[in-house]
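Structures given as structure tokens follow.
In the two assemblies presented below, subunit A is common to both, partnered first by subunit B and then by subunit C.
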Partner chain A sequence: MALTYEPISTTTLSSAANSITFSSIPATYTDLHLVVTTLGATGDYISIRFNGDTSTNYSWIIGGMDNTGTFQQKATGQAQGRIGNSMNSATIPTVTRTDIFSYAGSTYKTVNSTSGSDINGSGEVRVFTNMWRSTAAINSILLRGDAGANFAIGTKATLYGIKAA
Partner chain B sequence: MGSTYSLISATTLGSNASTVALNSIPQTYTDLVLRFSLRISSGNPLNGYNLRFNSDSSAIYSSRFYAYDGGLYFNYDTGSNAFASVVANGGTSTAGAYTSAELYIPNYTNSSSKPFIYSEAAENNSTSAVSKISGGLYRNTSGITSVNFSNATFAAGSTFYLYGVKDS
Partner chain C sequence: MAVSRVSTSSIKQGFPKSRSMLIGNAAYVPGAYESIATVNGTGSSGTISFSSIPSTYKHLQIRYNARCASGAITDHYIRFNGDTGGTYTKHWVFALDSGGLYTSSTTSTTPPSLGYIQGYDTYPTTGGVVDIHDYTSTSNAKTIRYLTAGDEQSTGSQGAIVVGSALWMNTTNAINQIELVLASSNWSSSSSFSLYGIKGD
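Let's look at the complex of A and B:
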């Protein structure tokens, strides 16, 4: 039977860190799947960059709800994408699942993400769609707080490769 | 390297059932994924039900969701005795229509509270349809050993596929 979801790499923070990086991503899969459980009480989004690209090649649209009601946001010409909710708690993780289809192909890259956080009285649930306007294969992924906040100890990120056959 | 999504159990209801229990979940995976196709045999086009972990009816569930049923809406609950912000196609919905849903529970064996993401799509070829995503929390530090459906009559043909995901 063909292998489907294969773990490429897992990082669990033993101390607070400004970012998590997946490097040397092999180009042998069809899609990538990222599962992130983030801790931190700084109210910062989870952002993503590919291949160290800090140019304004990212755009995104977000829909969902937070403590005040429904939420929608979009942006173009950004220096990073957004894939996950604000970090709401230092003890209860935000759960984010992200799919990057055809990451090694020669078209622009679309990234779909769902992120939920509930801490029994507040929280958010949102869907994020991003585009990275590059035709290069993705060989590295950097996750960081959107405004530079640290991920707290215990934050975990796992990158999976998915093969179509 | 081994495949990661491993099928733990596959359940298909041969007849209507008042409860569905996915028991004896091994504690050897990293995350759990439950994908199910569900219909409720009686009532309205859309009916609610209860989803619990470890048959736990303590008031330690909370969640918030964002949904669209022709209009956007949201809601949240705190201190509930079940994850109850869930609906499925009911007895008066379009024949043969089952709700598709997925529940993802990361780190289900650790000794912390259990956050989860849930998504459902209940289409009905009518005005009674909904698409919903939820973020939830089960405030129990024990590992999850069962997933339990109750508070409805679940229709024959409903299916439940439980997968374990390993991160290495």
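Let's look at the complex of A and C:
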């Protein structure tokens, strides 16, 4: 009997890599939840793509604050979504938690995320909302540095499935 | 009627026996996070209700993907045990597609808003996660935390992110009913709301 909230897959990097992929995602859950702890030598956003879609089907809004103040950003017609930020530290992880609602349904996909880290003198917390304008069920997820930066050794991503009654 | 053929050797060996009811199967260990109920919008009501909530969990979580049936954007509120009085507080940090990062707080207020529900797009475009802590307490007020957000782009610049906390200042009653209420319009039939229970030690 399947659990309501269970891990689907975990990837832990044993060497630097420019992406992490979850594929063959079963369509048996209601929502997906992604927990990512990133280490990075170069600060960059964590981007997300579904089903290999590189078309301009993504849009997002970001709100956040760091040690200098608050900020808000938005973009439409993007080739990928944004779910988190990776700080400039190979030893202090940034933690990102992402919800992907009704991922197997035939509607557009809403993706909400929180991300943050503090490296004792600087740091930031951000909240993201994304829209993937596709009615296809999500069967693969690609995480990558938005500008192409690598994830460092020790970066870990776990995908969970949540099943409603 | 099915007919089975039994071999001579199996008759000699006898039927398999086990001292355990599992008969070699693995035991099922339930998780700490359980699905309680799912309610869908109907297109003709602005209220979603979870009633007769069992008191067997430590915390609750509501997850939803929703839109309002009208072509507009509207607030939605959370209400416990039918309490419509000024027994709530709320604090927000929110970002709008149109620009800016804002804060908002209210005290001794009627059921607090959880954020904006959009109805311009054809599909549900607001995702929400609401955590309700220690909901069965009969000595403490009830704290909730939530993130509701969506980026609705069909009509332009209608997205929003709301991160909030709220308090139901009732210290004597466990929560046995939760309602999510639109300020106007109705929940679309494509909206879906699920209540989960989280066990504790």
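Keep in mind that, in the parts below, the second predicted complex is superposed on the first by the 162 of 165 C-alpha atoms of A that agree within 3 Å, B and C clash if a C-alpha of one lies under 4 Å from a C-alpha of the other, contacts with A are read in each partner's own complex, and residues count from 1 in each chain.
Quick note on the criterion: contacts are C-beta pairs under 8 Å (C-beta built on N, C-alpha and C of every residue); 3 or more make two chains touch, one makes a residue touch a chain.
Everything numeric here is computed off the predicted structure, so don't read it as measured data.
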Message: Following the superposition defined at the top, how do subunit B and subunit C come out on subunit A, clash or fit?
response: clash
- request: Kindly classify A:Gln78 by the partners it touches after superposition: subunit B alone (first), subunit C alone (second), both, or neither?
  value: neither
- request: Using the touch definition from the top, say if A:Asp31 reaches subunit B (first), subunit C (second), both or neither.
  value: second
- prompt: Which partner does A:Met131 reach: the first (subunit B), the second (subunit C), both, or neither?
  reply: second
Task: Please indicate which partner A:Thr42 is in contact with in the superposed arrangement: first for subunit B, second for subunit C, both, or neither.
output: neither
Query: So, A:Ser140: does it touch subunit B (first), subunit C (second), both, or neither?
result: neither
- request: Considering only the touch criterion stated at the top, classify A:Gly64 as touching first (subunit B), second (subunit C), both, or neither.
  value: both
Contacts of A:Asp99 with subunit B and subunit C, given as first, second, both or neither: second
First, second, both or neither for A:Thr11, with subunit B first and subunit C second: neither
Message: Per the contact definition in the header, classify A:Thr21: touching subunit B only (first), subunit C only (second), both, or neither.
response: neither
Query: Which positions of subunit A sit in both the subunit B and the subunit C interface?
result: 1, 3-6, 63-65, 70, 114, 127
Field: Sites on subunit C touched by subunit A in the complex
entry: 28, 30-31, 33-38, 63-65, 93-97, 99-101, 121-127, 129, 147, 149-153, 159-161, 163, 190, 192, 194, 196
- request: Flag every residue of subunit A that touches subunit B in the complex, lowest number first.
  value: 1, 3-7, 10, 35, 37, 63-65, 69-70, 85, 91-95, 97, 114-121, 123-127, 156, 158, 160
Subunit C-facing residues of subunit A, complex: 1, 3-6, 30-31, 59-65, 70-72, 74, 76, 99, 101-102, 107-108, 110-112, 114, 127-131, 133, 135, 162-165
- prompt: In their complex, what parts of subunit B are in touch with subunit A?
  reply: 1-5, 30-31, 62-66, 72-74, 76, 78-79, 104, 106-107, 112-113, 115-119, 133-137, 139, 165-168
